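What follows is subunit A paired twice: with subunit B in the first complex and subunit C in the second.
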Partner chain A sequence: MVINTPFSKSNAGVLITILLISCLLVLPLLAAVGCDLNDPDRDVKRLFPESTGYKTIYVSVAQKGGEAMLRRIEERLGDKFQGLYETADVPYTMYQIFKGRDLIGYIHGVNQKGTYGGIQVFLAVDLEGLIRGFYFQKLTSQFGKQLRDEAFGRQFTGLNLRDFFNYDVASGTVKGEGKLTAIKNPAPQAEADFRAALRATKKNLILIDEFLLGNKYLQ
Partner chain B sequence: MKAFKSSLRFFAGRALSVLLLFAAEAGVLYSSNYLFFLEVQGIAGYSSAAGKAVFYSMSRMEAMQKPSLGFDYVQKFAGAGGDIATLAVQARLAVNAEGGDTIEPQLYNAYLRLKLGGSYIWAGHNRPKFGLASWFDSHGQLLQPTAMNGFGFDRDWGVGLERDLSWGNAGVSLTTGSGMSLYLKGNYFLSGRIAKGVLNRDNYTVGLSAAAGKVLDVMGVHLMNDKPALFEMLATDATWLRNNWENRVEVMAGKRGSTAAWAVFWRTGVGLLEESRLKLEAQPAVFRMNGKTNVQVSAGISYSAGADWTLRAMVQRDRETKDTRIVFQVYYYKGMRL
Partner chain C sequence: MVTQKINIYQVAYKNLLRKKTRSLLTILGIGLSAWVLVSLLGFNQGYEAALNKDIDNMGFQVLVTAKGCPYEAATLMLKGGTGLRYMKESVISDILKHKEVEGITPQLMAAVFDPNRGESGGINAYLGVDPATFPAMKSYLKFKQGGWFTDPNAVEAVVGYEAAELEQREVGDKLLIPEKNVELKVVGVLTRSGTADDGTIFVPLRTVQKIFEKEGLITAAGIKVNKNANMTELENKLYDLPDVQVVSMAQVKTTIMSLVTTAKVMVFSIALIAILIAMLGVINTILMSVFERFQEIGIIKSMGAMPWDVFRMIWTETVILCLLGGGLGIGFSFGLSKITDVLIRRLLPYTPTGSLVIINGSLALLTLGVVVAIGLVSGVYPAWRASRVRPLESIRSEGD
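Our next item is the complex of A and B:
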């Protein structure tokens, strides 16, 4: 029995071509570079042991609020969006975490420029936006072991976006007192990636606030 | 074959309930449960063996890479308690500058993947569980892994079962061994892979694979020989990342047809500039099949010109065909809302 691929090799092919090109001109566009969990079943269970399931949703700044939203996010971050991973049309993958039918939290990851290519920082937060889990999904630096250690991630537990208000991502410094001053870099040789992780965390919390928490932490 | 048909019947029943859910799915106003990407690529090069310009990266008959227009679609299905299934469709209309068919439809992903307890079951056209190609996506690349050189299949029709483990992952698949087109001439491809290490978490993964079956000799959508041939192979693959270096190695050994067959493949690469926008790669490989040993050496360069654009070039020397070729690619991959 032979069943060839179910496409007609006729003028339909030309018509499809014209339609696809038309899509480019008419439909809202998204960038190609997003950040999602490589193994969501394993990671969701690890970050939310009490969970029974999760739902994947895709959002983008371009879709929700466009340029105005982008400007607001940049102002909250204290830095411009730049590079391959930070554009208004990046599709963000957000995970709603369930216990039975009850929503119990969220997981979201962001791409961030690191010393060696990109790093990926994921946060697990509760419904109030408090961090209950932090981890690097991607970090190839030879000093990554210390940053990937659970002890480093535990320093972020219990923090929320308010704790990052006085963190200046451009200079990598905390203005005044705050919980962030307690976060120590276990790998001084990887200072750039440590600062990248803090920037990624602040950016991640802002995006969670914008997309999922209704701007609960807007200053 | 009986087990294959039985699995398909079970899966069809489960899939129907998922599709009914799709009809009722309603997302948050500004969010969605799908991703749709448009893909466009231009390919042009020169082949010393052909003595002229070529508009393909491997061969005229092979599916990848040719100038093409395509799309990539991923749809999530969820119940009240979370995700239960994923639908993936990825296809292209490729352009043949020479040969009979100017427009060549190509189907890559076309599968439905269901959650089954802590595992996943899929059915359709997907990557069989064999070797590096079972997880390493080279869909848009000029450099291709071993599967594209007769040692397995980039995609195949059938069913599969896979599970993520705390230390790695494992999976098996039963597919037709006919590649992009679906042929049933007594052919089949049973394969499995188990791997230690989660690449992004551990910066390494090592896999062991085995495959057995009677497979068809295909190139892209072309059936080269309609008599299935014996295929028995063991394989090991390893990938490790350190700083801005990537290395991938694969070794296969077994039998294809009536003769011994083996392959050794190594791809090494380094990411340069900010965000590793510039990547330099080298890929030496040796293939032994049908009593002949071929050495193929390739070098590639790719540059991310923006979030959606990638420029690539490849130089390849193939000893068997006595061909030296250089190929250029302009690749565009952009998401859009339907």
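Our next item is the complex of A and C:
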């Protein structure tokens, strides 16, 4: 094969551009791995309007308690940890929220497998572990509008980990009565994503309890 | 009478230990310049290798795309997924007529706005490929799970490694194309290739054409050229096709390398200056040491040391400093190669995937050789000064 091509900036520029586009399409994917707030300054203020600042801490199961802790979390969840976002060395980003010098609450997000892609569920909780804010930072669904509606998130306000004790993540059912039975799925066709949201919430509360609340809700 | 020979090498080594701080700082200075030099030479090797790998991994030697301003298309793409330019699929059969063409694979890029992605939405891109021809062109792509779709009309997807990890997709899972509300079934998940394919979602070409209403249209065609074909001749023929642009991988590589050469020249200059400064530091350190030890050197000479012995002693000190500094710099470069890689990626406008800095044993030895050679040259003057010390004068001057 003889290569004797006259130099042509514009043609080469096309391919450089294609390569650049390819890289740019990849970059957002890479940057989105993990579960940090997209815009912490804005999101913290939205979830805690009275806050004056926040501190970010990074923890992992491997760091804090290793395999034993992982087994305990799985037992509390009622399900095994699976996949890329549920290994012992996954770093969890936890936001401590302050008003002046006083700690007033926490924000934490978790990844969860959804019907059409990864879901990210963020909770804002007070110092007792009561939910004061719930929202989907990432959700791909045909019924995303209904699930992302504030009315859906408001159903979680005031709940704590104790309210999830009788929720079986594997079957998606609540044993007996409890506050969880009041949570309605706004899109029955998106049952899998609704259950994923509940699993993510329970997992989130367990991790907050383990890392921040000193196992206050340990059964 | 007991006589004991003075080992000048031991004297040289012990003298460096007498002024530890000074010696350490000099070694650190040499170490930093050696680090820059090794990293630069490693970048020299690594960049071109990574670029060749990226281009080879495209699987074809020539790319034909629809005619249009490439930068404008890129801007429009980044702004909202519009601006892609198309060409008729019939161009494939026109291209296949040329004897230089071994194979061709059509591609259709489609993009759609996903309101659920990120804060204010984002672009989801899908690459429509022909299952009959594309896998053969990209034989380096291996599967973690599943395999390629075989039905050209299947509503299926093969997901790149990073894309699958981000969306937690496995074989059997579904993907949703927003706006079109079409479900794709994941039939394959690729292993990490270190290329842009890691973030790509591949869909059968006919399926993408149907979903996005682009029947009979494609955005690009990759051409595999026969081994003995004349590339220039083929390109000239392809230029005659209406409304297409022809891009040769060799051209791309030349353009990118010419862009990088400027950066390389600048960095080489900086590295050279850093090394010269470090060497000045060595000269200063050794010269100061010689001036401080005039009397001592005078005594050594009066005890029978020849000028060449003194020269060797001082020169040895220089070599020891350079060896230690060079070793330290090489250690830095091995240990911090990832950081160097990240720094280079931030500075350059385009970097291929894969390692940009390749540091191996021969490179380390070469750098050590260069550092020691420069050190030997730097040490000549101080060693010569020391060898010229007159014993009586030096002893008398200290006593005054």
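Keep in mind that, in the parts below, the second predicted complex is superposed on the first by the 186 of 219 C-alpha atoms of A that agree within 3 Å, B and C clash if a C-alpha of one lies under 4 Å from a C-alpha of the other, contacts with A are read in each partner's own complex, and residues count from 1 in each chain.
Note that in this section contacts are C-beta pairs under 8 Å (C-beta built on N, C-alpha and C of every residue); 3 or more make two chains touch, one makes a residue touch a chain.
As the structure is a computational prediction, the values presented were derived from the model and not from experiment.
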Check your understanding: Which holds for A:Y54: it touches subunit B only (first), subunit C only (second), both, or neither?
Key -> first
Practice item. Go through the superposed model and pick first if A:Q63 touches only subunit B, second if only subunit C, both, or neither. Key: first
Review point. For A:R101, is the partner it touches subunit B (first), subunit C (second), both, or none of the two (neither)?
Key: first
Check your understanding: Which one hits more subunit A residues, subunit B or subunit C?
Key -> B
Exercise for review: Answer with first, second, both or neither: which of subunit B and subunit C does A:D41 touch in the superposed model?
Suggested key: first
Practice item. Give one of first, second, both or neither to describe whether A:T87 is in contact with subunit B, with subunit C, with both, or with none. Key: first
Exercise for review: Tell me which partner A:G118 touches in the superposition: subunit B (first), subunit C (second), both or neither.
Suggested key: both
Review point. Just subunit B (first), just subunit C (second), both, or neither: which does A:K138 touch?
Key: both
Review point. On subunit A, what residues does subunit B touch that subunit C touches as well?
Key: 1-7, 9, 13-14, 16-17, 20-21, 23-24, 27-30, 32-33, 38-39, 83-85, 113, 115-118, 138, 140-142, 144, 148
Review point. What does subunit C use to touch subunit A in their complex?
Key: 54, 61, 63, 65, 70-71, 73-74, 77-78, 114-119, 122-123, 125, 162-163, 165-169, 174-176, 178, 181, 183, 196, 198-200, 220, 225-232, 235, 245-252, 254-256, 350, 353
Check your understanding: Taking the complex as given, what residues does subunit A use to touch subunit B?
Key -> 1-7, 9, 13-14, 16-17, 20-21, 23-24, 27-34, 38-42, 52-59, 63-64, 83-85, 87, 89-91, 94, 96, 98, 100-101, 113, 115-118, 120, 137-138, 140-142, 144, 148, 211
Review point. Contact residues on subunit B for subunit A in the complex?
Key: 27-28, 30-35, 37-38, 69, 71, 76, 78, 80-83, 91, 93, 101, 103-107, 115, 118, 164-166, 169, 180-185, 198-201, 203, 221, 241-244, 271, 274-277, 304, 306-308, 333-338
Review point. Taking the complex as given, what residues does subunit A use to touch subunit C?
Key: 1-30, 32-33, 38-39, 83-85, 111, 113-118, 138-142, 144, 148
